[in-house]
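Labels A, B, C and D are assigned to the chains in the order they are written; within every chain, residues are numbered from 1.
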């Protein structure tokens, strides 16, 4: 079982590396944000697998923290320090 | 064993990809993204090194909060990037820097390979004295009891950094509110997530503190989550950053260090030394310090990310 | 019983790896931003969800299992939100062209 | 080759990369990034030392681990202060360069906060 999960972990890490390359290539900011999102999710997946493989149950706590902070950082990336998130401002959203 | 070794080599290679990207990227924002990914992967390394406490800290502070701080700074500095990107140091300097860096790397690599065997360790000493505090997590024991002085001074360093950041404000804005006022559609997605996520985050943050008695966790890590949730609510425009002159906020900033100091002085008065906890009360005292500290840490970290005052208090 | 649980882990983790692969291939190969975003959400929701499902039988305690599910729920919530924000950003970028 | 050795070598490379970045990159923000890279490399190195000291049923020596946690927090506060200084420099001088002879860029209006 450990061998299988280790292989899966290696695979997820490879996907994460692909996500890194996507950030490198761009081209637009949107693609970079998507790649960051993929890195966050696959990082959490890798962490859960690693915790099981290495027998560190606290890895789940790390994953919880990472999930919350990844959401926070992703949103900070999308906002990029601007005070107004333009697409979300009244007027530019679709009529509800 | 070879399976595990292969895994470690793959992990190290991916970590270094992030590091190379952080240095080599031409634009700043992708470099910051690379650094955040690097921090995330470093958390994996820490889990692998048997240090989930450090993994939590790296994931929360090293990657998440530092990332948010760097992103907003990078976005504000973007307009200065144009002429700067062209400006490159000459070839000789770069070659010299490369030689120097390679030399440092080689020296460190050699010292890794030559580390003494068996390694010196204080783990046995930490285990022998664990009964004195009644806590099961050795790292919390070291942070809160054996080396409590370090932790207290670190709180004061955080506070000094905040004072430093605040004092960068122009005179006329002193006492004002940090950062820009954020606005977002109150019915929009951002406001939605800023309403749903923080309650979950607060529970997780307190859980991380609570569990730190016997399992990996702690006040820094929990406090960072709380700070991130507060910043999220601010980013969604649901609340405003308080003016730096606000008295309640100042009290919260001081709560952790003051409780720490009082307990420390109590040790001096009733016990053997500064910060010596009486055996019977060690655990409740440590918990009291940690609860005061998580509040202070959350407020301090949040305000450090928010930055110096930029608007007048009334605005 | 433990054998059946192991089989469940292997199947769920394999399928989850497939979804991660699909999401990544989509992210690299799909022609425009919104379709790439569509591919990405598969990795988020199904990939991680199936991984959590696969790791549940290996969890050491009930508390560990509950925390695993919490991780997935937080990622789902955050992923759904951030995907929308990215889509807005992409539309803004597109309209500027 | 033990578990720690791989990550120890990884840490050595991270320190070297960070040092190169600090020296060669002209942008102060990138220097701060690179400096953080050096810091995390040193922390990882220390983590390898802690891992080798695993004894008494612990996964590693808790003393270096606790020191690294303190170090990460202090590194964060230093980064926050450095970035605030940089942004203030940008506001006051209109450019974020460290060169003394740099012309003020058109990026920002110094009079505007």
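We take it that contacts are C-beta pairs under 8 Å (C-beta built on N, C-alpha and C of every residue); 3 or more make two chains touch, one makes a residue touch a chain.
Computed from a prediction, not measured in an experiment: that's the story for all the values here.
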With chain centres set to the mean of the C-alpha atoms, which chain is at the far end from chain D?
C
Winner on C-beta contact pairs when A-C is weighed against B-C:
A-C
Quick one: chain A and chain C, Cα centre-to-centre, how many Å?
10
Length of the line joining the C-alpha centres of chain B and chain C, rounded to whole Å
27
Whole-Å distance, C-alpha centre of chain C to that of chain D, is 31
Take the average of all CA coordinates in chain A, do the same for chain B, and state the distance between these two points in whole angstrom.
19
Chain B residues counted as touching two or more neighbouring chains:
4, 48, 50, 65, 73-74, 76, 189-190, 193, 197, 200, 204
Please set out, as single numbers or ranges, the residues of chain C touching at least two other chains.
70, 74, 77-78, 81, 85, 88
Among the residues of chain D, which ones contact at least 2 other chains?
59
One finds touching chains in the pairs A-B, A-C, B-C, B-D
Which residues of chain C touch chain A once you look at their complex with the stated criterion?
6, 9-10, 13-14, 16-17, 20-21, 23-24, 27-28, 33, 36-37, 40, 43-44, 47-48, 51-52, 55, 58, 60-61, 64, 67-68, 70-71, 74-75, 77-79, 81-83, 85-86, 88-93
Seen from chain C, its contact residues with chain B in the complex are 70, 74, 77-78, 81, 84-85, 88
Touching residues (chain side chain D, partner chain B) in the complex
1, 3-21, 23-27, 29-30, 32-34, 36-37, 40, 43-45, 47-63, 65-70, 72-81, 83-88, 90, 95-97, 105, 107-108, 113
Show me the residue ranges of chain B that touch chain D in the complex, using the header's touch definition.
4-5, 8-9, 12, 15-16, 19-20, 22-23, 28, 31-32, 35, 38-39, 42, 45-46, 48-51, 53-54, 57-58, 61-62, 65-66, 69-70, 73-74, 76-77, 79-85, 87-89, 93-94, 97-98, 100-102, 104-106, 108-109, 112-113, 115, 119-124, 126-128, 138-139, 141-143, 146-147, 150-151, 154, 157-158, 160-162, 164-165, 168, 170, 173, 218, 220, 301, 304-305, 307-308, 310
Listed in rising order, chain A residues that touch chain B in their complex are 2-3, 6, 9-10, 13-14, 16-17, 19-20, 23-24, 26, 29, 32, 35-36, 39-40, 43, 46-47, 50-51, 53-54, 56, 58-59, 61-62, 64-66, 68-73, 75-77, 79-85, 88-90, 93, 96
